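In what follows, chain A forms one complex with chain B and a second complex with chain C.
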Partner chain A sequence: MGINFKKETFRDDYSFKNSPEQVRRFPFPFHEDGYMYSVNIEPHVGGRTGTVFEHLFDVDEHYVSEMQDRAMVLAEDPLRCQSLPHMTLAGWDTLELLMTEKAKSYPEHFSLTRDGDKWHWINRPLGIDDHFTFGDTSTLPYGPLEYITRQSQGDFAVLDQRDNNLWMDAGIVTTQADWSLDFDIGMNFFEWHAPVPLAHELGIFTRALKFLMAMQQGQPARRLNWTMTINPRLDTSPENFHKWGTDRATVTPENVGQKVHLRVEVQMFFRLPRSNALLFPIRCYLIKMDELVSSAKWGRRFHRVLRDLPDELAEYKGLVRYRPTVVEWLSKRDDGKPTSSGYGPD
Partner chain B sequence: MAMLSRPVYGILSPQTGKNHLLIADAEGAAAILDLAKKTSPDFFAAAEVMFVPGPDGGKYVEALKALVPGRLYEGPSIAAAMPRLRQIFGAAHMGLRLYVAGTESLIGQVVQAASEAGIEHASIQTEHRGSWARRVQCVHCKGITENVTTQPVKCSHCGLLLLVRDHYSRRYAAFQGVCINAEDPSEIPPTEEMFR
Partner chain C sequence: MKAGSNRIEAVVTDVVAVNELVKRFHFERPDGGILPTFSGGAHIVVEMRDDGRTRLNPYSLMSSPLDTRDYTISVRRDDVGRGGSLFMHSRVKPGQSMVISNPVNLFSLDLRAKKHLMIAGGIGITPFVAQTSQLAGEGGNFELHYSCRSDALATYADVLKQRHGRRIHVYRDDHDEKLDLPRLLAGQPLGTHLYVCGPAGMITWVRNTAAAAGWPAETVHYEHFAAPQPGKPFDVTLAVSGIGIRVGEHESLLEAIEAAGLDPPYLCRGGVCGQCETNVISSDGKFLHNDHWLSEEEHRSGCKIMPCVSRFEGKSLVLER
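Up next is the complex of A and B:
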């Protein structure tokens, strides 16, 4: 049985919503009733059926519409996809990983046939059927990174490893939580994380870098991060902040349920075989407050997390203007009962 | 904690080698004169000095001439000096020792041009002197506004009112500017002199 791909929008009339099944599989990021930074990296292995971790690269009901939104962002601003000249091989590594995993996980939607370096790729949901020569960029309509990530949900950063550091030397970023690939490209791990408050002092990035540089091929890892978004907008870029920033002033007690979204990033890390680069996919999942509180446990817990969040983090995540309204709304859905440990909805 | 994307500047010190290029603007000339007190007698004979005096640096020209550098260039602006600099970088071999002193804008643009020519930024000696005025890239329209001394600042290209962040890109040789009143365009915060 295939996935029922929805036709919906992440801009203008914002018709995005989750089916009840998609709500149940939402990657809720809080395992306890509070939040502070931690490295929180765990192995990225195939998980239980019916979770977003079932396959290494999750494809869900929003796939086709998300890819249409990405194409619109790239048409407006091609700088959202960049690759420094030495990163082409890492682009081919990325293409291979994504094609083989998609074809393996979802054979009804994707197929890959390889005959030496002659490859045949079929993407049925997007209506793509291409023959190309692996390693020969002239046989694809885009560079290898852009070609395959126009067909893959989530942002992708590709990190070169040298001089005891990781360098943000390629990527495609159209569904980001307010950071600019164009500004950050070429920066090292500490430089591109420079604006993040508190975490440097806690030694988070030093430990994370050490872990990431030691990563081996075939042993991917993941972590969760989160923020909030007003309206289900994927493209919350700094480039367009002057267009979407006003949304933050539109939250009222009456519209919290439909307008306010928890935005979760599943961040993954893969060592690539030929280039030795690290692929860093950042997959974004959105859930409306109305959908979130359909799980009583999630509603209680998110209320407590948001209420107790340190001010610096609220500021950094851009929640200051509407946090009180959302906390008030959630408080009416928190009966004060204890929550069970773990992420699940109960 | 200091913004980790922001460059850290040092104090110029003589490097071993025979091929020295020293670049300064305005008060940066004084850093070259201080360096000269620590160099061997034949250091400047094989050195090229590029100087952009600007409105306040003219007083250093005679003192730089007195160092008797192998070549001395005096230019009217950083922008005017860049083609000459790029040509030197393009022809440079491994032994070139690079020293840059002066405003953050000058240092940033020289490091940028050097990086484009394959010169590792960590190998460049830098020393800040003079103005802290910033080059700011508008994250919205991508235009660069020069000589920014205020917070916030109006983008000289698209006109948005920008918060000047401490986040810095070596590739653009610029700080990041982000619309300061995007959440409520009717809020106009007061403009203050911040970067002198």
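Up next is the complex of A and C:
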């Protein structure tokens, strides 16, 4: 069964919306009626049908439109994709992983034929049919990382592992929650996490780094993170803050349902085999408040999470300005009943 | 998640006596499919079923990362060790089924290096066999200096010279050939990274010489081959599980914990990766720390132990496991 790819926009007229089926599979990130940081890492294994975790790399109805949005961002700002010279091998690792998994998970949309280092890649939704030599960058229109991530939803950071640390030495970042690859490129794990409040004191980054450095091939892991976005804009970057920052002052009780989005990131971690680098895909999912409250449980729970969120976290996530309006709107959809445990929509 | 749980069923396809001390073992998938890609410097953990006991020993992969139809490792026979190498030498035959782990790399190349300078001693040559294949395949700049006892024990020196010609330099003890390390280091271009794998004394010598010559620590990479040493049996209480175990003479503490049905995390089983670090609740006796993970201060404190390589002598030891 093929995916019904939608034609929609993430800028200007913002025609993005989720189908009811897509709402049901939304990766709602709260398993209880409250939220605090944790190193909530779990094995990234596929298999749960009807969820975004069915395949290692989820392709959904927004695929084609998201890739068009990425191409627009890159055309305006090529520095959104960077790879330091020693990371080319990790780029090939990434290309192999994404092509292999996509062809395996969605054979009706993607095909990969390998004959030694002569590869043939077909991407039907984007109309791509390319022959190239694996390992030879001159046979591709872009570097290996950019080539394959222009065809893959979500941002990708590629982390070099050396000197007992991880280094942000390559990536493509166009669907981000207000961080910049161009700013972070070359930084180590502690440097790029420096702005995050509270977590350093909790020792979370030291433990997380230890875990990530021990990540093994064939045993990927994932965690969820979340924030909120006004208008369904994928590119909420510091570079373009002037285009979206003021949107945060436009929330009114009347437009919460359509304008305010919960933004969930499925963050994954893969050890790459040739380069020994760590691939960190960050896949962004958006859902409108109107769509969210179509699940009574999600509506109740998100109201309680947002209402009780510590101020430091609200500040860091950039929600302070519109939080009261959204909490007030959600409170009218929370009848106070208990919520069932777990993430599902009931 | 448990580290090391990703096991691969394999068949031993060949066992080759390389010289009087070293045998090479070839592993393939039973269906002939390709094994996972790996990077030079990676090791696998080989499970040995030895009369009801399970040994898990790490060995560096020495086959080419560019060709994973098979994996090869080389094992040096250690007649006074705990028996893992003897098991591999005497009991493992072609056609035998064995379980190996996914590759793990704790000794990877720094791909920023303008040049890779490698120093090997004895069986420490094995990770470099894979790394030089990887670098040669991508046109990398490298040079290998290899110390061994004699021509007869110059494991793979001939193969490496055939493959890489003048990039390989061999020093034979019985010919009084000696690597002039200070001179070698002084002549390296900026951006060179130094790698050393061999006996502990050699690693210390290379690290100290490089430090004295002003090499930044980040450019000096080393892999210790700290196989667990045999020792006197000792008793341990595992407080969390509420059980008592005895660690046998030829058994490591980690193996004894596993034999009791526990499943602690591990990666290297050689005292360097830190995964199996265990808290000591109480002790009355002497720790025999053999790891390179804990600090000297932690060794003295008696509050932590690395059960993969370290032992204990005394009246009682209670661990948080």
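Heads up, the rule we're going with is that the second predicted complex is superposed on the first by the 345 of 346 C-alpha atoms of A that agree within 3 Å, B and C clash if a C-alpha of one lies under 4 Å from a C-alpha of the other, contacts with A are read in each partner's own complex, and residues count from 1 in each chain.
Simple rule for what comes next: contacts are C-beta pairs under 8 Å (C-beta built on N, C-alpha and C of every residue); 3 or more make two chains touch, one makes a residue touch a chain.
Please read all numbers here as calculations on a predicted model, not as lab measurements.
Peer 1: Once the shared chain is lined up, is A:Pro310 touching chain B (first), chain C (second), both, or neither of them?
Peer 2: neither
Peer 1: Contacts for A:Leu79 in the overlay, against chain B (first) and chain C (second): which applies, first, second, both or neither?
Peer 2: first
Peer 1: Regarding the shared-chain residue A:His242, is it in contact with chain B (first), chain C (second), both, or neither?
Peer 2: Only chain B; A:His242 stays clear of chain C.
Peer 1: With both complexes superposed on chain A, which partner does A:Ala221 reach: first (chain B), second (chain C), both or neither?
Peer 2: A:Ala221 contacts chain C only, not chain B.
Peer 1: Just to be sure I read the superposition right, which of the two partners does A:Gly344 touch: chain B = first, chain C = second, or both, or neither?
Peer 2: neither
Peer 1: I'd like to know which partner A:Ile185 touches here: chain B for first, chain C for second, both or neither.
Peer 2: First partner only.
Peer 1: Examine A:Gly203 and indicate which partner it touches, taking first as chain B and second as chain C; both and neither are also allowed.
Peer 2: In the superposition, A:Gly203 touches no partner, neither chain B nor chain C.
Peer 1: With both complexes superposed on chain A, which partner does A:Pro107 reach: first (chain B), second (chain C), both or neither?
Peer 2: Once the two structures are laid over each other on A, A:Pro107 reaches no partner at all.
Peer 1: Would you tell me the residues on chain A in contact with chain B in one complex that are also in contact with chain C in the other?
Peer 2: After superposing on chain A, no chain A residue contacts both chain B and chain C.
Peer 1: Which chain A residues qualify as touching chain B in the complex?
Peer 2: Of all residues in chain A, those touching chain B are 79, 180, 182-187, 190-195, 200-201, 238-242, 244-246, 248-249, 321.
Peer 1: In the complex of these two chains, what residues of chain C are touching chain A?
Peer 2: Result: residues 1, 3-6, 36-39, 41-42, 65, 102-105, 108-112, 134, 138, 218, 265, 267, 273-275 of chain C touch chain A.
Peer 1: Over in the complex, which chain B residues touch chain A? Could you list them?
Peer 2: Contacts found on chain B: 1, 3-6, 137, 139-140, 142, 160, 165-167, 169-172, 176, 178-179, 182-185.
Peer 1: Under the stated contact criterion, what part of chain A meets chain C in this complex?
Peer 2: Counting only chain A, the residues touching chain C are 41-43, 84-87, 89, 93, 96, 135, 160-163, 210, 214, 216-219, 221, 273-276.
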